[in-house]
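In the two complexes below, subunit A is the common chain; its partner is subunit B in one and subunit C in the other.
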Partner chain A sequence: MTDMTETLTPPADAARSAGETLLEVTDLAVEFRSDDGAVRAVDGLSYRVEAGRTLALVGESGCGKSVSSLAVMGLLPPTAHVVGGTARYRGTDLLALSPTQHRAHCGTHVAMVFQDALAALNPVHTVGYQLTESLRARTGTSRRDARRRAIELLDLVKVPNAAQRVDEYPHQFSGGMRQRVMIASALALDPDVLIADEPTTALDVTVQAQVLRLLAEIQAERQMGLVLITHDLGVVAGVADDVTVMYAGRAVEQAPVRDLYAAPAHPYTRALLRSVPRIGVAEDRTTGGRLPVVPGRPPAPGRVPPGCSFHPRCELAQDVCRTDEPPLAEVAPGRSSACHFAAELLGGARA
Partner chain B sequence: MPESATPETTAPETATSRPATASDDVVLEVRDLAKSYPVRSGIVLKRTVGHVQAVDGVSLALRRGRTLGLVGESGSGKSTLARVLVGIEKPTRGQVLVDGEDVSTMSRAARRELRRNVQMVFQDPYTSLNPRMSVGEIVAEPYRIHPDAVPRGGRRRAVAELLELVGLDPDHVHRYPHQFSGGQRQRIGIARALAVKPRVLVCDEPVSALDVSVQGQVINLLEDLQDELGLAYLFIAHDLAVVQHIADEVAVMYLGRVVEEGERSAVYDDAHHPYTRALLSAVPVPDPTASRDDELLLEGDPPSPADPPSGCRFHTRCWLAHRLAAQEGEGGGDAVPERCRTDDPVLVPLGRPGADAVPHAAACHFARSAREARTHHVPETVPDPVLESRER
Partner chain C sequence: MPEPTAATTTPDAPPTDASVSLGGDAWRRLRRRPDVIVSAAVVVFFAVMAAFPLLFTSTDPQRCIIGDSKTRPQGLGAAHPLGTDVHGCDMLAQLVHGARPSLMLAFVVVGASVVIGVVLGLLAGFYLGWVDTVVSRTVEVFLVIPLLLAALLLLSLFRNVRVGSGAFDVILLPALVLTLFGWMGYARYVRAATLEAKNLDYVTAARALGASDLRVMVRHVLPNAIGPVTALVPTAIAGVISAEAVLAFLGIGVRPPAISWGIMITNGAEWVTGGYPYLLLFPLGCLILTVLALVVLGDALRDALDPRLR
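Moving on to the complex of A and B:
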């Protein structure tokens, strides 16, 4: 037990240097199994999270972005199974660890913030108690010290009157403040990597702006690696350094954020970017403008079409797309796309 | 005066200053509407018995073939307003007028007939459809309450036509909601709302539960239906970009009040209320090269509508009030001008009188200062990049 405590104690001055790879997911595959057979929810996903950088996992519902993170955290529901791939945290493959060891790593080194803060908090315990649950369980911190640490954490996430609010219950907090509590709770053990699953989706737009700014500040200060799971391309543009776009369980495009927005190398990315309504862009209906849409809808897991999974909705689709699945391949330095026509797409955007 | 006007001429409505052409098309209007809910002591700690003023003195008009966008954060009262409009809730004060007739003074039968004209599309297509009813039953259900809308014999055909109208396969009439995707379910909800041939659709966050790529499809459908059927929409959303796309006029709500209203371009391009400007500034811009240093970041959450701040309800979070107070040298960062703390501002027209169906108006003591801040920075020594970037 002693050695456990040692490895679990948060490093005093986290030795995180900018650019260092903290988490590397390679060829991750997750299946949901039922009596009707197996459905692949994540299929060959790879990404890398570096210290001080933010990776956005972007996609629509059912694309596998949340499931892949739950797999990394060891929090998959019982029907889901990791069927391939690795998730290396500083060289240690989390997926190869025993459930106990996996849990020990996650929460300590890799922590997660969920979308629905009200559901994630226990209504019958004070915020302070929950904030330091992990601390007490893992490091044996005394109650008094834990309470002091809880106040520090609330201060860190800018909850006003932290010393007083630490003894309040979740229902006494507003939505934005609850999400701050969740972030504080995830930071309790000073993790290297923070995975935030739609952390601002349930929040009002003015509060969302506050929480995003807070996350960015904390990340920059601590040189954490941040994985932001979101469907909101507006949020991604403001926060992310790198982007992985997912569709039907696969990564279809990976690129630095500016490159991706300037010239998407996958038709799905392009269609998504086009369909985001923007303030100030006068495509209003009085001028006959209509919102550009992606026809159809994302395929249900288990009903992914053959060939390129996006081909039924793709305006560039050719015969080859219906039969051959395009691999995720490098199309320009630092960026890759899973499209047979990625080069043409990029060339056309530059022309 | 009204009695001198012949039925053929378009009589200017003397009650309001709005131009005749606009008031003619008004199908649904609310005047000084208020809705409060009682607060019982013991449920909410440390609070005496009082009332949550969810909507407090709102006046709006919906016009044929036009869309009024209603934006605001949680607790602003926009959903309560919607529920009052469709008759789910009774207002505690004020009037709801359908075709100029006050709903509250009518007989039950007449009220029901008028209510038929105002239908609602709900936010969540997963919980607003009964999972044990087939699509056909769901879409035909309103006929149980409004049997006169379509004669019994014609309903089957009416349902098929409705499904076709919203872009669903009429052959799927016997399927159940779980067999449809979110976007398709929202289409079913729209078909149900249209079943009794309403003239007004109240859409409460109709696309916020949908994926981005599907949102556009539903919005385009709503626009097509409006063009085809001449419907008036109240479109409630927290997504300002979506509202900008679909709305002709916009009203911004904060803690039960309308704080700014006007034509879409007036509100979006020339916002006067500091809250509107903060809202616009907080919308994430899908452009990584855009500068984010100029965000007007509001502090804190919207206060509880059970205990709204005195004076201007926005003063506790108002960046403009803080700046003005700092300019006057009135102490700390939280200081605001006396007036904002004590006087409740009313909606004041901002010029261009009579030109628009909804004259641009804002409820801020310093709306004109906010406007002047475009050219004369507040405070003068500190440039205001937000204002400049919006000018471009």
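Moving on to the complex of A and C:
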């Protein structure tokens, strides 16, 4: 293991100390401009990624979790624009950089793993080529060294028989192996922060667990900051250190993972947690053995209701929720919630 | 944790070059197909003919004796193995000496058109916006101008320009005209394929690793967008050879005294019903053989090189 970290970790400047803040997103707002006017996909999102810790961004489809990470990477589609906020990588605001400067940070400092590994690997290039393309382009590594490095990377993500598979094409790999290749290619330049956008959605359950464990291992070993985007709270429990729950473009609850699972401080989080299937628990529920769901659908972007955006689906909704928007406020040390009744929720759980 | 042994031993494994093995693999695949071997032989045959015409005939194609006009094919060993044309010129000599201008014209025109079309199509599809507007409108303008009209215009422009009589000079004018009106198809196909490819995840993934526009275009979009073009090329070559005949009719084809298959086809076509079909069949046969061979080769090459078809 020491051998491998030596070969894979570039010299001193990339050293990371645990707890150091690597990426800090503050008040990020992203708008899509269409003929019907501007639509806010992300509205005042803030989070912080520290070295050696994993932050999970959790939410339903369309809540802005992917858009926010694309904004950080400078990969927003042409119709979307960042309209406010900063994303500081070690003090440098990535969003204020020119596209060329921003690009220089992508891959080297902040890298991303995509959801569908088959689509995210180019079918006409060998796996080895794709793993080290960035390396060769940036550092002028020779073909031979790049190939050796590609094999190391495949070993790192535990692709068996790396020396042979490095010359194969993506379609010759299984789904889980492709996702491993995606992770390896994101690690090629040893980034400080890795953003994984639903890395396990396209995989079956057993492979999901393997890939997540791998991500967690690599993250711990290299003291990277990991942003794990997912809609699956079951995934979060085993891997994340901190959780940010998003709803309709905003963070509604931020907490360390244990606290969040022990006592959710927002009714949305609570509803999400209840809807995670668990063996042996469903039977004794009052719902008669059926898995509870969050009623209704998330609001379409641009049609977010006034007041608390979650109130139409919330079981605790009162009149105040329909008119006043609750701010994201600290409700206990280290955790915050955007709910008028966060204190009651926490108190009720303790009682 | 992977065993340290795996990490320490693999880098010492002899590095085999990926591109070499791909090429070797393609070669093994090609060899197994008899149609490919026959096609390759045909192409090589005509290429040698174009390069060294004197290997095939010692008769001067311009030595025409009007008294020998329309001699029927006499078979090997005779004075005119394939007969003579209307003007009494030896058919074999004309066919052999016509190969070079015809093939060279075809390859120059298709090559230049593909380069222009691919570059413009790629830029238009990738950047859209004003680049796309300019390219797309230009394509449309060139598509609606009739080839013959434009050819006549260019002819009048270049009438007094003296070009030499080297192998390339005799095809310069038709090459110019045909390229000018030959690139639009490639541009459209590549633009469409680029539009499709550039939104795929692997392009975004390459960008996420910090790839520049040029790298994304050349390394990621182009290899996936070039497919339709490779299918067009063999038939385009045939098209160029026959289009040259039309230009020759207007006097801006291959410059006399050079001869080409296209000119022979045009001239021979008049006599098919008059009892002399061989005047058309020999040059047409050469053209069809060349084109069929190129189609088969192009197909086989694509099958062998595209990793997705394995």
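The rule we apply is simple: the second predicted complex is superposed on the first by the 332 of 351 C-alpha atoms of A that agree within 3 Å, B and C clash if a C-alpha of one lies under 4 Å from a C-alpha of the other, contacts with A are read in each partner's own complex, and residues count from 1 in each chain.
What we mean here is this: contacts are C-beta pairs under 8 Å (C-beta built on N, C-alpha and C of every residue); 3 or more make two chains touch, one makes a residue touch a chain.
These figures come from a predicted structure and were not determined experimentally.
Novice: In the superposition on subunit A, see if there is space for subunit B and subunit C together, and answer fit or clash.
Specialist: Here subunit B and subunit C can both sit on subunit A without a clash.
Novice: So, does A:L121 touch the first partner subunit B, the second partner subunit C, both, or neither?
Specialist: Touch partner of A:L121: subunit C, not subunit B.
Novice: After the superposition on A, what does A:P298 contact: first (subunit B), second (subunit C), both or neither?
Specialist: The first partner, subunit B, only.
Novice: Calculate the angle at subunit A, using C-alpha centres, between the directions toward subunit B and subunit C; round to the nearest 10 degrees.
Specialist: 80
Novice: So, A:V276: does it touch subunit B (first), subunit C (second), both, or neither?
Specialist: Once the two structures are laid over each other on A, A:V276 reaches subunit B alone.
Novice: Minimum C-alpha distance between subunit B and subunit C after superposition, to be given in whole Å.
Specialist: 5
Novice: Using the touch definition from the top, list the residues of subunit A that touch subunit B in their complex.
Specialist: For subunit A paired with subunit B, touching residues are 60-61, 160, 174-177, 204-210, 212-213, 231-238, 240, 257-258, 261-262, 271-273, 275-280, 283-286, 289-295, 297-298.
Novice: In their shared complex, at which residues does subunit A touch subunit C?
Specialist: Touching subunit C from subunit A are residues 1-4, 7, 73, 75, 103-108, 111-112, 114-116, 119-126, 128-129, 133-134, 137-138, 143-144, 147-148, 151-152, 155-156, 158, 162-163, 166-167, 169, 171, 182, 185-186, 188-189, 217.
Novice: Tell me, which parts of subunit B touch subunit A in their complex?
Specialist: Within the complex, subunit B contacts subunit A at residues 73-74, 181-183, 211-217, 219-220, 223, 238-242, 244-246, 248, 264, 268, 278-290, 292, 295, 297-302.
Novice: Contact residues on subunit C for subunit A in the complex?
Specialist: My answer: residues 1-2, 4, 6-8, 10-11, 13, 15-18, 21-22, 200-202, 204-212, 215, 219-220, 223-224, 306-308, 310.
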